[in-house]
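After this come two complexes, each holding chain A, first together with chain B and then together with chain C.
For the complex of A and B:
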């Protein structure tokens, strides 16, 4: 992201002094807070800018005067036409081509064969097994409703990503414009996207598809750019020598050479799309997400866990398949026609078998809800027992945290004068990266103050601060535990993946049952998410240390404890900081969702903006959250970068 | 094929008897569903009724506030549960903008107010009187409310004026707002385990009454103007010194193009009318008996043919 070269050494002392001066000034403001004029504690009313009104006016202008509505409606009609086809094929909605629904046995066989072709028997089992699970658990229709949208959204995203990525690669200017947009887009909370989509597209599956496309396109753009840039000049040279035209050079040489990066981009698009399954149902995406929210509304935790498992399984299958595809090099098989096309033939055979089975017995066509297996009752019972068991602890914990930690901290964050916070941020920025960073920090923080949402933003900051702190306390030891050996770290990482893709809404209910509607519940829900990247990056940081360094430390007689404290941890710090950075991002996303527990921060206002379809307000709040994330990102990465350089040179 | 016959039929009726007997369009009637079960089952009942009349129907899940904008634009065709308390404001705003109309009012009445599950009465025997509730405020105290009792309200955007009520009646309570209905249920379910006294925002008709028997708190009765005129209600200088209306409306709304596009379905919709008991029964089929909404609707229709058959004639 924002990379500036480190300032030359002589400046360093000044950098420290200036930073110190800023921090001292901030401290003075804090100490003399009781004597400060109100205008320094919070920006005076007159300085608050009506950003929301401006955005609304711009949107109204674009919609009514520029006729943007016709464009978006035309695009959404195109998406809807595709959705109608997949909806008919997958779950038999009565639309052209009127042939569906395809029996589940056929789809499961197809998934299994695709898994086999890409990654052998294990992947075949995983892919086929997942679809069998979906069918026998009676979730077929919901899962197909979800997939019918994803199957449309992903290709759109991939094509857009390729086009925009190519554009950014071709033109420096386009890259300069795209880069900050992508940065903000990737840190905007999901709800902020949805409000304009409701205004321009409406609600329903097409809105779900479009919000999914918008959300999943940024990584594709980045990976395309990265891939195209990484193609070695020799390959291009040889392409040119074979007399290719520019178009041929692009489609036959550059894109195939960037294949791996592009396919990783595709993988990211798929994962992001699955992450939207539940959230997009707020604006009409049908299927698993919608069902999940309905079930949670009636406190059916067991049934929602079943759906959660399905979403995780789908994510794992699609992730493994697309990764296998990325690694797999194109084969140029030889031999008779039958041999070369054996997989195709087996697949055709299985498909035929599936259709026959479905024709013989309707069970293979669709498993009705009444025939379905369910593990809801044991899950509900287990959750009940768990809550019963730990509630004496949680009652005490709730009391302790609220009275002694959370309420005082929250009051402290709200008590701080706005000006002191701004000065302190500028000081930290200056310390980390000089004038440039100080300006970057202010550029992110000042608009939040000017937007008039300062108090709510501070509550968000306080929640994220406490959550990330707790996540570090929990996550680093877990990471240390997980990094002991290869096999264990692989298991830990799988658990991380699962927690990350498991729909976050499901946590909210048990958390409320344990802690009630208050900040402890909110923080507990956020911590679950915030811990995942910390564990992951701790493991990766520790496993990534070159074995020679560890060996030489051991040879100089370091005890395991010394080895950890003086060698491994310092070397893992830059990776850990990346983890902390991600942890902040995850927390910011989750805080917004935790508004469904009951918060008084930006998330609560965002929820209101969504239900009143207030585009301006939603985007202002979204930008406030994005700016916080980007500010933390800038500071941490800059610091880690500097630290990495220092470590390597010492 | 279906589409083609529809077109031909449409053309035929246009040519022959358009003014006499308008046929319904073959386009699907779009019924929005939300995240609570009675509304989903009711939507399925009416949807299956329309299908029985030869219409095609599609369901789309939407936000329950944003839906009025969608109906106005014709993206959704109708809404079967317009609650006075919860959605009156969005509905009226949409009515003012145009494109949506007030089709009918259910016999069912809605009530939304402070509510407690039965076990609370053991800790506070004077209930449902609001003064008795206030006297045992300490029993409802939580760490975050300190000495005061906690009232768990609904999401802030439901605009229930609970804090104003607490202030007007001088109650020893603090209002804590839950972020979603699910959060309210989770709190009640947790309180049920050790029968902790709890007072929350709740409404009827609703599945919760089937799961947790309970009562509404009796506040000074609502009178018109109590929310705006300090003189109304028992406290002379305060607004909101009263309970919420005990008989709010439950309406049916529709896109104003519906009566021209699907005249027969529209005529039936005007007659649709459910009672509190029927709505609670529909919610129970899903939330307590664990049926799927479409099956629950089919089951309900089978058992109550006498209720809905006349609407289609």
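For the complex of A and C:
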């Protein structure tokens, strides 16, 4: 017999006890709620701090006293000059250089060739085909309005991201300052960015471009930092031994060696830009997003499906192309000059052909309104039939959910005393990560209570809670199904990847189609959006289990069910929790976007702040959402990390 | 080799990692435990050594013994905590950045364990990189890079990217790059460790060929004792950051300075290392009979002749002159183990 020495207990006993004490206190507050003084149920009016006024005062000071307006004007003028060029080239806005619009045939051919160069025939077909679809369906102008902004915003974001990423890499202090800012920035909902931009820039394409630039910088900063950190020390040493100066080392060794990470950053910038540009329709950005918004508001399902397909196709093309670029490895070229430059030559040939076609027949230059194809009518008809068929089910589901799940839950969340929620959060924090985590939880939750938006926030929490719960119920079995074997999990992950590239706005089309405009539609949209990360992380968690462990369980005679219950699921849980965390983040973003269908939560208030251009209120609401996200993020990741470490060390 | 000029000279070099290494007071007697108590770690501990022009010094030790750190101190890729490193009489710790860059551009070349090639440049562009850094014009640096690539046997592979080359070929590119500027001092940090044994052998032969063609001062790092014995003029054996012994391969094997060194040499086939000359006794008027054996060969290479010989004392010759006498019994003991 081996003598076993017990490992030190993973949690100190007092940590557990303190957590329990907090939770009990919270419970007591809940039980005795009817007897509680009003000041414990909701914070008294006197404690509510006028955060919004402070922010407004700060902004007014920055704008009027510091002359920030001049700076933003200068920057926005620069962006506008670039926008004019792309607008002229892509859809013929009459601005310098007055040469556009480039015929769609040329752009489609260019996209096809770029696709071929990056990823072969299939990507060429996808890229070229997408642009042909856009032209043939008569959406060219809207798509080009959208693209003209992306084409300008992406390079700006990439350059800013590179500069700030390099700064953060060079100076610890800069990193320490940037890190929390990035954390908050990446959990602020889209609308929170729009309000200050509206105040400083106004509405329209220029504002759309600028909000897109600001929104898409954070991932670039992170990826630049990651890339620079990840360069192998030997490559840097070999650079130094080659006698590089600091600048040479940076530009010729470090940055090129970090190429893959930087290009993945570019990919993320592009995808974020697309998502934002579509949403920027709320601040008067023309293009696909605006068209979709109008069509959705008019409940024109067929036409909005057409636009939706275009946005989805664009998202897939942009994602695949930029990812292909990131993973593309250099290859040596041999052969004569003509052979080595064949792609360039073919492209030039195709461009020439496109111009000739456009000159011969105007159809290849611009597809007129009359010539455009449309599938709206058959889609509308089909949707009508479908709705007819399933409406008993959806109606019942809607009734059931609203009466028996949503309203009771919402009321329950609103019924909870603020103090009880705060105590419970502190208790959970203490249980997960001791005093520090308890303080972190309070630091995120207390400002929400103090801001006076507690009720709205609780509605958001309830929506996210319901959605993530449903997403788990749907996503985990799907993940189990997907993880059965290697080939299938690859297919599932590809589908998840593709879904994740879609701008969140798109998810509203099918749910409005099925459920109409109400609470259930909001929940449905959020659930669809939030299920994707759950499926993905379930699969990754299950596939990531070391095969020896599974084999040893099988040799112990575990049946497939036992294997799943006792071995696979427990080991996959930390990964699954990371998925749930991402799911919560996605839900928060989606809930806020879904506000325009009609909700009563923070998102709704944010829409109001946007239409009344109230920066203070908008930012307070944005921070409230961000803090909820960060709170969940802190708790779940801390727990998943601790659990993962405990599993690995055993 | 004696009395030739010293190229690199280290005096009491320390390299300590930790929070505040500069505040430590380091003396030759400072122990690891004292440092550890202040949560510092000494990667290089009070090392003093001289490397002479044209000499090849192999620094040997297990992983973590500080050999790679030491060579990085010699190239000032790391700033040392205390002591001095002089290269051609100049204290490199006192060089300004431009002077240091100048030194590396003109005098030093280095080869890395995992090659350290720039992934986005072709073999040719990698080799031309140091020349590019010092501002040489394109035509001449390309010509020079082609020349060096041919020297290491990579003609025809100029346009390949590192990932398209095998490990051995990548290291040939690394070697070519380090030679492109015609450095006087050549650092090789475990250049063949990442290669599989067959390729390693081939690269060692290649290296010996290059070494014969180019007169360079070489510091070669390895954890492979056989490799060290095969290549070295002198070997420095390191343990826990300190040099245990620095000597010729014969002396290391025959007269290990510390138990640690002795343990290292235990499993070595000594006859393959020790040269006949290392066992030579002075002639001192004793009779010299018959044909001499070459003193520069290892006992293993002479084994057949020593076994077949009947003389008690076999004369040895160095460059045609009798340089000493080999005690046949001692040689046989080394070859076959002591008689029982």
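Here, the second predicted complex is superposed on the first by the 603 of 650 C-alpha atoms of A that agree within 3 Å, B and C clash if a C-alpha of one lies under 4 Å from a C-alpha of the other, contacts with A are read in each partner's own complex, and residues count from 1 in each chain.
Please note the rule applied: a residue touches a chain if its C-beta (ideal position, glycine included) is under 8 Å from a C-beta of that chain, and two chains touch if they have at least 3 such contacts.
Nothing here was measured: the structure is a model prediction, and the numbers come from that model.
Legend: residue contacts after superposition of the two complexes on their common chain; A:243 is shown touching chain C, with no touch to chain B. Once the two complexes are overlaid on the shared chain, A:334 sits against chain C while remaining clear of chain B.
When the two structures are aligned on the shared chain, A:235 is found in touch with chain C, with no touch to chain B.
Within the superposed three-chain model, A:259 lies in touch with chain C and out of touch with chain B [touch as defined at top]. Touching more residues of chain A than its counterpart among chain B and chain C is B. In the superposed pair of complexes, A:517 makes contact with chain B only, with no contact to chain C.
Applying the stated contact rule after C-alpha superposition, one finds that A:612 touches chain B and leaves chain C untouched.
In the superposition on chain A, no contact is made by A:485 with either chain B or chain C. Applying the stated touch rule to the two superposed structures, the chain B and chain C interfaces on chain A have no residue in common. Across the interface of their complex, chain A is touched by residues 1-2, 30, 32, 35-37, 40, 56, 58, 60-67, 69-70, 73, 75-76, 90, 142-144, 152, 155-157, 176-183, 185-187, 189-190, 193, 207, 286-287, 290, 292, 295 of chain B. Listed in rising order, the residues of chain A touching chain C in the complex are 232, 234-235, 237-246, 248, 252-253, 256-257, 259, 329-334.
Against chain A, the residues of chain C that register as touching in their complex are 72, 75, 77, 97, 101-102, 104-105, 108-110, 112-122, 129-130, 133-134, 159-161, 163-164, 174, 177-178, 181, 187. On chain A, the positions that touch chain B within their shared complex are 93-94, 98, 198, 202-205, 281-286, 290, 293-294, 296-300, 369-370, 387-388, 391, 398-399, 402-403, 407, 508-510, 512-514, 516-519, 594-600, 604, 607-608, 610-613.
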